[in-house]
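Take a look at the structures listed below.
You will see two complexes here that share chain A, one where it goes with chain B and one where it goes with chain C.
Right after this comes the complex of A and B.
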């Protein structure tokens, strides 16, 4: 099966002072049709930037300095703005974390819902409206007709996120990029949204690239996981393998730092010393080395590559066996 | 627990006047309808709930940052809600608060040493020189190198800033520290550092905490007893492990079930899910969860939503007619 999306050796740099500083280096992963792939990492790991670059949405401060983003075999980086417009919103849709600012406050939900369909699919106003109502109902909004006439500020956070999802789905995209879609929501609503996204995937067969920092969301949603740290992909595996047999010292530490609901309370939570480096473009070798429990003695501290641990399981670190971050 | 409580809260209520979505006529909105609890020396009392449930309002009321509409707040047996400001100020050093957003709760134009010095000088904790020595002691206590004291808040990461806020709260050697979502804005690895720091400090300084949060794992990890709030009311309260392992109220149960667990095996487990969203117009004096509850019965319609002991359990109260059964 050909991958729907394939990112190869992606480099992204942001303007800093007079020069550029690299924020994503050599990122690479793929998304198969119908698959939910999760990009997970802490803030500053480059996961959102990677997602934005797929749609050519980087701000003027940033630019892609190398690599390829292949979508259905075409390199999105070489497309013109006009050609990209045919992909954006039509074949690849995105929902953003910031539900407050992602809807236009001066237009009704209805006019924002129908815009994409009228433009991309050439629907007449009436048809687009009906389709909009149907989509809102599909995402679990009961009085969809009334919501279509409302303005964004009249809706709760959960409702706005449902509207965002309905909008993203309006042109039946092949790929949905969801950037922290539930981070701003309460847990009970988060659960409803996660269920919704999964069932929509099952129904439409679209792929989802889910960006999150929450290991719990990954465990619930993803088929495959890519862990990012300091601008690099550091580990990639199917969800079950990654959660039960992580190879990279960072992944291990991250999993142990999450307090579970039924953990022994006397157990001390593992905490990673230090914090995520803010500038890391010039680091060589293992970027986690300064915080790693193996530190200087690690034989892999000069490693620059993803290594194959098992079929479908890649990691930049294979040395933490046994001890791990414990 | 036969000790005298550090803090006792009786039938606390807070109404706000707000203007509604469809009308400009002000109405009263009860942010906290009824909350009664006691916090004992050396323990951590956790309050969990979703946004809008009134947990932060409780924190602000306890800190006397807002005046309650009704009810009493007793600190070491003394009413503090009705004290004149001047006398309350004398008590202030003994109860302090740490806010969620460390960025906006530190004055950006002051150096860390000034931020930490100010409360101590105000409350006459010694000469300038003594206070200065104490600043270094405080910084090392929260794990920051003392040469950082000349820096400004923006030069720190979120986790470091939260450490400064904790140091400031501890500078006056309080008995009670109210922590309002202190780790919600932090990355997982840093969150673990702060939670461990709080636990160490509690042990060392014999502190009493009120820990407010919506991250269930974090609240469970740090709290000895937990109260669950829903729509301005405490719906369940009990020892942490007891509450999480044997939730008696359907809301607690659905909160726990909705929380994504970092465990792959948890996927597909049977869960209790609530319908829809919080209904702010729900009638007062009834069970607030009723419209969303998965197990409502005819009797529920007439139930007042009062807390009562869970049969056969210790220190465990719940506001549900029937203790939850599988």
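Right after this comes the complex of A and C.
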């Protein structure tokens, strides 16, 4: 099966002073049709930037300096703005983290929901409206007819995110990019939204690229996981393997830092020592080395490549102790 | 909560506006003045440009505000003068708002070299001594109502342009604009149908103060003889009579009513503008919910 989305050796740099500083280097992964792939990493690891670059949404300071983003075999980076507009919304839709300003405050939900369908699918006003109501109902909003007539500020955060999802689905995209869709919501709503996304995937067969820093969400949702650290993809595996047999020292540390329900009270929550390097474009070798528990003696210090640990399991690091970092 | 259910956004804005008692009173006064101006041909007892009585008469039953130096009815003249002044103020505001919004949108949205060029030009226009520029322009072009409208219109826009640019800059970074781009909406749609409506409220508020300023500027220019030319009455050129000390001290009916009308208009417009700003401010909406 051909991948729906394939990112190859992607480099992104941001203008800093007079020069450019690289924030994503050599990122690469793929999303199969109908698959939920999760992109995990700390703040500043380059995961959101990677996602934004897929739809050409980098801010003016950002620039893709190399690599390919293939969607249905076409390189999105070479498309003109007009050609890109044919992909945006219709084939790839995106939902954002910040639910406060994701909807235009001066228009009703209905007018914002129907706009895209009328433009992309050529629906008449009436049909778009009915479809909008149907979509809202599908995302679990009960009095959809009334919500269509409301303004964004009259809705709760969870409702707004449901509206955003409904809007994203309105043109039946093949790929949904969800950039931390539940970060601003409380845990119960978070769970409901995730369930919703999953059942929508099962129903429509679309793929989802889920960007998150929440390992719990990953375990719940993803078929496959890509871990990013300091602008690089450091490990990629199916969710089960990654959670049970992480290869990269960073992934191991990350998993250890998740608080467990059955932890003893006395256990101190593990945290990774040190900080993500601020400027990492010029680093060579292992970028995690400065924080790595295996430190100086690690034979992988100078490794620059993804290595194959098992079929479908790639990692930049295969050293360290077998089972877990501890 | 109930009002949120039934009332749309505009109902809420109205409600918040009405909490400003002074603004409501001002709006009423302004409406009355506006009606008097619009209905001037119907309610004015005499022709505003023809002598109809003895000159420089104090108020009397025939001429309730007296007559001017050449015997024209002051009340009729003031009614017509309000028409002229309000019209000049309105048109000048309209012109400067259109120019300012257009330049601000382009500047804020496209950024880069276009932005730099437009903003440098804006700073240039702003740095000219304002009244001097207007005077010179009025002297070069034939003074009159059309030229004063154009002059004021082309001098007042920088404030609006800056305001709109600032708004667009922050709106451009909001997620609903990013969502629109992500949804493949054309730039034209985003600029005019998504960003522009979000700048209407601040522009409207700003326009009220430009409106008040334009009325004052028209009065100043006409007072100096560079504005609306006689015999067409305007609030400014009626005040011209107050240039002589004897008129100022002995014949207050020649200038006090016109002066009062100017003050009333400007104060009322500014109060209404203030209340509008509060009414549009979403932070007040939150206070309202509580």
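Points to keep in mind about this one:
Throughout what follows, the second predicted complex is superposed on the first by the 323 of 326 C-alpha atoms of A that agree within 3 Å, B and C clash if a C-alpha of one lies under 4 Å from a C-alpha of the other, contacts with A are read in each partner's own complex, and residues count from 1 in each chain.
Rule of thumb we're sticking to: a contact is a pair of C-beta atoms (placed from the backbone, for glycine too) under 8 Å apart; a residue touches a chain by one contact, two chains touch by 3 or more.
This one's a predicted model, so the numbers in the text were calculated from it and none came from an experiment.
By the touch criterion defined above, A:22 reaches neither chain B nor chain C. After overlaying the two complexes on the shared chain, residue contacts for A:251 are found with neither chain B nor chain C.
Applying the stated contact rule after C-alpha superposition, one finds that A:38 touches neither chain B nor chain C. In the superposed model, A:139 lies in contact with neither chain B nor chain C. By the document's definition of touching, of the two partners only chain C reaches A:164; chain B does not. Contact with both chain B and chain C is seen for A:154 once the two complexes are overlaid on the shared chain. Using the contact criterion defined above for the overlaid structures, shared-chain residue A:116 touches chain C, although it does not reach chain B. By the touch criterion defined above, A:104 reaches chain C but does not reach chain B.
Set side by side, chain B and chain C differ in how many residues of chain A they touch, and the one touching more is B. By the touch criterion defined above, A:50 lies against neither chain B nor chain C after alignment on the C-alpha atoms of chain A.
When the two complexes are laid over each other on chain A, chain A has residues 154 in contact with both chain B and chain C. On the side of chain C, the complex with chain A involves touching residues 4, 8-9, 111, 173-176, 178-179, 181-187, 189, 194, 197-198, 200, 282, 285.
Contact residues of chain A toward chain C in the complex are 55, 57, 59-60, 81, 84-90, 92-96, 98, 101-107, 115-116, 119-120, 151, 153-154, 164, 167-168, 171.
Taken in their complex, chain B has these residues touching chain A: 21, 50-51, 157, 159-160, 187-193, 195-196, 199, 214-218, 220-221, 240-241, 244-245, 254-264, 266-267, 271, 273-274, 276-278. On the chain A side of its complex with chain B, the touching residues are 42-43, 142, 154, 156-159, 186-192, 194, 213-220, 239-240, 243-244, 253-255, 257-263, 265, 268-273, 275-276, 278.
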